[in-house]
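For clarity, chains are labelled A, B, C and D in written order, and residue numbers in each chain start from 1.
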Amino acid sequence: MTDPSSSLRVAMIGHAFMGNAHSQAWRTAPHFFALPAHPEMAVVVGRDAGRAAEAAARLGWAESSTDWREVIARDDIDVVDICTPGDTHAEIAIAALEAGKHVLCEKPLANTVAEAEAMTAAADQARSRGVRAMVGFTYRRVPAIGLARQLVAEGRVGDIRHVRAQYLQDWIADPEAPLSWRLDKERAGSGALGDIGAHVIDLTQFITGSRITELTGRLETFVKERPYAESHSAGSLGGLSGTASTERGPVTVDDAASFLATFAGGAMGVFEATRFATGRKNAIRIEVNGSLGSLAFDFEDMNVLEYFDARDDAEVAGFRRIIATESVHPYVAAWWPPGHGLGYEHGFTHQVVDLVTAIADGTDPSPSFADGLQVQQVLAAVETSSDTRTWQEIPPS
Amino acid sequence: MTDPSSSLRVAMIGHAFMGNAHSQAWRTAPHFFALPAHPEMAVVVGRDAGRAAEAAARLGWAESSTDWREVIARDDIDVVDICTPGDTHAEIAIAALEAGKHVLCEKPLANTVAEAEAMTAAADQARSRGVRAMVGFTYRRVPAIGLARQLVAEGRVGDIRHVRAQYLQDWIADPEAPLSWRLDKERAGSGALGDIGAHVIDLTQFITGSRITELTGRLETFVKERPYAESHSAGSLGGLSGTASTERGPVTVDDAASFLATFAGGAMGVFEATRFATGRKNAIRIEVNGSLGSLAFDFEDMNVLEYFDARDDAEVAGFRRIIATESVHPYVAAWWPPGHGLGYEHGFTHQVVDLVTAIADGTDPSPSFADGLQVQQVLAAVETSSDTRTWQEIPPS
Amino acid sequence: MTDPSSSLRVAMIGHAFMGNAHSQAWRTAPHFFALPAHPEMAVVVGRDAGRAAEAAARLGWAESSTDWREVIARDDIDVVDICTPGDTHAEIAIAALEAGKHVLCEKPLANTVAEAEAMTAAADQARSRGVRAMVGFTYRRVPAIGLARQLVAEGRVGDIRHVRAQYLQDWIADPEAPLSWRLDKERAGSGALGDIGAHVIDLTQFITGSRITELTGRLETFVKERPYAESHSAGSLGGLSGTASTERGPVTVDDAASFLATFAGGAMGVFEATRFATGRKNAIRIEVNGSLGSLAFDFEDMNVLEYFDARDDAEVAGFRRIIATESVHPYVAAWWPPGHGLGYEHGFTHQVVDLVTAIADGTDPSPSFADGLQVQQVLAAVETSSDTRTWQEIPPS
Amino acid sequence: MTDPSSSLRVAMIGHAFMGNAHSQAWRTAPHFFALPAHPEMAVVVGRDAGRAAEAAARLGWAESSTDWREVIARDDIDVVDICTPGDTHAEIAIAALEAGKHVLCEKPLANTVAEAEAMTAAADQARSRGVRAMVGFTYRRVPAIGLARQLVAEGRVGDIRHVRAQYLQDWIADPEAPLSWRLDKERAGSGALGDIGAHVIDLTQFITGSRITELTGRLETFVKERPYAESHSAGSLGGLSGTASTERGPVTVDDAASFLATFAGGAMGVFEATRFATGRKNAIRIEVNGSLGSLAFDFEDMNVLEYFDARDDAEVAGFRRIIATESVHPYVAAWWPPGHGLGYEHGFTHQVVDLVTAIADGTDPSPSFADGLQVQQVLAAVETSSDTRTWQEIPPS
């Protein structure tokens, strides 16, 4: 048993959008959840000393640093939380694991399958030494999503026939929206596919408890060139805003992705991810149709899960708008009374809770790096399928 | 037993908006429902011979007339369907009943309680001679409303605590919308209160099976004067459209009404009727909260009833969006497959079905003139309450 | 110019579900719309004399017949309305067109591309003789759909990037739901794909004004065998209900279809059609995302079109819930005041209006047989793609 | 100008539900907003030393105390944040103001008008010494509510005709739900009226910028006796949960309230507050109808404001579902990208931001104690009206 008074000293690498969200989670979790260990926000790492120091002050980290290697080498760091762009994940995560640090790595796990495989191998080795690794698919920890998973696990949906999932945003629908690192294949790995498609791949597999086995898909870049942002750096909000310059550069990632998939259990999947769905801001929409019931979720109304029970009397059957804010719903008991909604950042807090609990309990947190690798394999299969215009199989994990 | 091949010869008085809707119902009912008697559309009556003849041709009536008294006196007329403004209801209905004709009278039953009482007395006398009278609260016959009533009757809602009802329109929110007979107290009796408030009074009492016993209310006329319409007559669409003239006349009815009420069973009622709810076109909204469940309806999504079952597991409890288009729902089996919605006019068709069935079966159709009188008493109580700023009791029926 | 008092004598072949809907349209259109010619419901044709006679009486046709060839040969028939299963469309339609009759043919146009080509050739020849042919994609004539098409045509949506369309039903989600002709490839041609997928193929092309040029797709039959219905015939409601027998037969059509598509303008399409979406009754869902705006429609709330205008101030931008019941919306002026919803059958009435108008005006009604052929080509491409697991091109029309 | 590095040392009195929410706000505000002064969470006060110490540790306060008078007397306390039941507000707030402490007081301001008047007088005197007082109507600071207020202020709604507001909960719909201090008039002052009705009174006045001038209302207690909770104290979650004992006690507050109101500008108001709306968890619903537009809000979908603009083309007019998560919306720029929803607690964080800013700027925070007094006068008028069954005027402030 872990001593409840024990501390976990955390280093966070990167302090942009994700670093901000992770910081709020590290700060908040201990105040709402009885954690088996106390996370200490020890150090934040950034490329620029001044900006890192500013981030430390603003986000609540005791120290700042510009050298992640040095930080990872410190004896007084227990957990490394990686919030940098995808091209740096593998190097940092593997080094951290080898240094015996527990790792939380933002999604997608890496920019390539090869990197993800190396990371997973490192996580497997680290596990044997009691070191834990987790990939940050935080949307799993939205209560309504947790409830969806639970209802499937309880058999309330029956045999799953259909999974349809869309992740719709519109922040570059305007062809004059500026370039950012998120539109650069070197940094971001992929575009809508990896940035947001990865989430619905993970979520549908999580909810259904079933893996994608094959797919045929397609990527599209609608706007091939864009103006450079006046200033853009990895530490910025990632092109979510910014003024445009007159010079233009190429968009090297996909603007949108779509694919048909088969799940292990035989369900048909239809997926879509785009940053061009005008008017949709963060619409993560998932529907599951089974022989006994159906589920529907849309992050734009994130505290709600819709559920149809085919066994209800025909007279009163209908999709139920479950406001997933009851104390019986996942994570909710720690928060507010029914109907007092949670927000985007709460999923990150729940992630901290689950990670800290797993570390303290000596169990493997979920989703694992292997889960992240499998998502990466799906992403790669979509790319290959788009290039070759063929169906692709996903290797069994 | 009525001979199924027997005919009911119908005369319709008035051929404006309501006459149009009633005609569609008389034409359509025999094609979807197995009626115990066959309605024949014998004659339509209007004030102007040319327009009445045109209406007969357009709406499918065999003949036209300008003299309702003459029509009522005819031996070959069995049913009189009254679609004229409220100030004429009493005279026509009483004469028709005395002449031994079954009567369907549009709502509100009359413009005053005294008229409604006289009509109800006439209906009572006629009943003893096998003559039937019905008032046209057609919204009762929207399937989702019928289902609401059924769920209450089945005990699924438990003890009713709250009834909230709104009938929201916006067709005179513009102060320059022209005068019409519907804004003239002489013709229309009242404004939003009687025209649309009457519907939600009837519907809430129908759904709950409980009468309003007391109330305190308030009427308001926001716009006291309006331009005359270029041409306006009782036979027109009643000011729902039309061009305005430069001359102005007084609005003598209420633009909006609101009242608090008590139902016989102790439920608290809150009512509102207005033609000034910008953006709401025909929003008949009714909610019922009981100890075991709740119901919610909005005519702007008229094929849907929302239902909350408090006995559902907390994990999956939520308002169910019941699409009331299943064959088990009231009236629906005669129509289309599930999910193929019905429209506004279907309630009128169902009204014909129920009236013809009652006449053929020798039973009293519902809602009766007594029901119409009771609604009139509620309307009158709102007016008195508004004038005197006091609570008013409704006499028990 | 056609004489407004002229008649069009109509023969309807088939009197099941579609015959019922078409009959209501033929009966109703003249009462709400000023038609340039008067449709007479002359004769209904069915395989069984007794049932056809019953249908004539119930549906309002003057006569009945069991011999469509004889009916088509009659001089006093002007229009042939084909409501039979798809395997009979080609023979009847071609014969009718050759006999100089205007033809309205239910969708899908045929069960094979070859049949559809022959029908289109016949329609082309007939056109030169002033004979008109139309295929019955009635959902185009739902006002909210007509409005969607109009908003695209007005440029309000801009360059279209995404089209996602689903037609979701659940009437055979239960593996014990009985076989019907709709599950028999010989009669129905295909399953969900042709029965309902055809509608969303047509609707998305209609709304966007752009054709599908290539696709990759997949068909699935989840339940391979089902009990025979106790009795089933082409004249029944098509397996939408019925009791099951103990004997079982094979399901020879698809239960569900999904495909990715490209539109001529470069938009990405994602399509799905299924009868296994538990809880979805008739959910025709279409979303279009363009550079200037987006549209969303769901037939389960059929009077509503959602519209996002990207040019709105950011402060007040949001999807607008347009209740498409204003007099400015397509077809609506003929009906009821705003907010008084229309139903499923109104699309059929509008179809009659447009067909009669085109015949009287001597213009080609839309959608044409060529449009129906093109949809058939898309359906065939999905089948081939599913068989070969390759992308398929649609020949330009 | 306040030194940005200056500190505001805060003492919080009470650590139950509201104390928990306030603590999260004090902890969080400095990390997302550039505050002109730094709040230090100095001390939390509770009646029980052990529980207060536990609360301090859990909620992040440096110290705990059981003596609020002693705390208020301390020189090193700048702000007193009052989160206790209403019967204690006056004594603590007045003492704190007299001691020169800025005060944030939870709503309702007091349990009686007399207390609220005394508090307002104390606030007025304190203001002259530069001491600030604010009442905690936090829902004003939900971004969608702030946006509603802004749209009215910008004239987008025009002359307001109707205000309808409901605050619906269901946590005591079960007659066996136990007693808590919230059902005890001594402690809570009133029931649904003061606890939740107060919020919609404040919100509608805030959004419309107009005061309620008269009303007629009614209170009801449906369940007169309830079982005592096994244990209940002011520090508990206030009866929102708990096991029931066999002994029963009287419910001395209202279960539900409803009233009709007039706003200064002539708008008709209809209000309802209840804890018996089965299935409604925290439904704060507000609609405003004006001559140029309408607004609708429901806290159960708290990131959304619906807005109808009557000046839109009829073709595309409809209620807009504004997801109030754009950077142009109130408070949002500090948080996440569009579509990443905020939760219940964010309003409290915004309250801290506004209070700290006002203190630092030397301006009066809003809502003031005078605003709280006015709400208290409305609450008192509802009670008097319910007792006397008469309309009541609200004194002008």
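Keep this in mind: contacts are C-beta pairs under 8 Å (C-beta built on N, C-alpha and C of every residue); 3 or more make two chains touch, one makes a residue touch a chain.
Small disclaimer: the values here were computed from a predicted structure and weren't measured.
The chain pair with more C-beta contacts between its two chains, of A-B and B-C, is B-C. Centroid distances built from C-alpha atoms place D farthest away from chain C. With centres set at the average Cα position, the gap from chain B to chain D is 42 Å.
Computed from the mean C-alpha positions, the centre of chain A lies at a distance of 54 Å from the centre of chain B. Between the Cα centres of chain B and chain C there is a gap of 35 Å.
Residues of chain A found to touch two or more other chains are 280, 304, 317-319, 323. Against chain B, in their complex, chain D makes its touches with residues 161-162, 164, 166, 168, 170, 173-175, 216-218, 220, 222, 256, 258-260, 266, 268, 270, 272, 274, 276-280, 287, 289-294, 308, 310, 317-319, 389-391. Those residues of chain A that touch chain D in the complex are listed here as 17, 21, 23-24, 27-28, 31-32, 58-60, 169, 171, 237, 240-241, 280-283, 299-304, 323, 325, 327, 336-346.
Interface of chain C with chain D (complex): residues 147, 150-151, 156, 306-307, 309, 312, 314-323, 326, 328-329.
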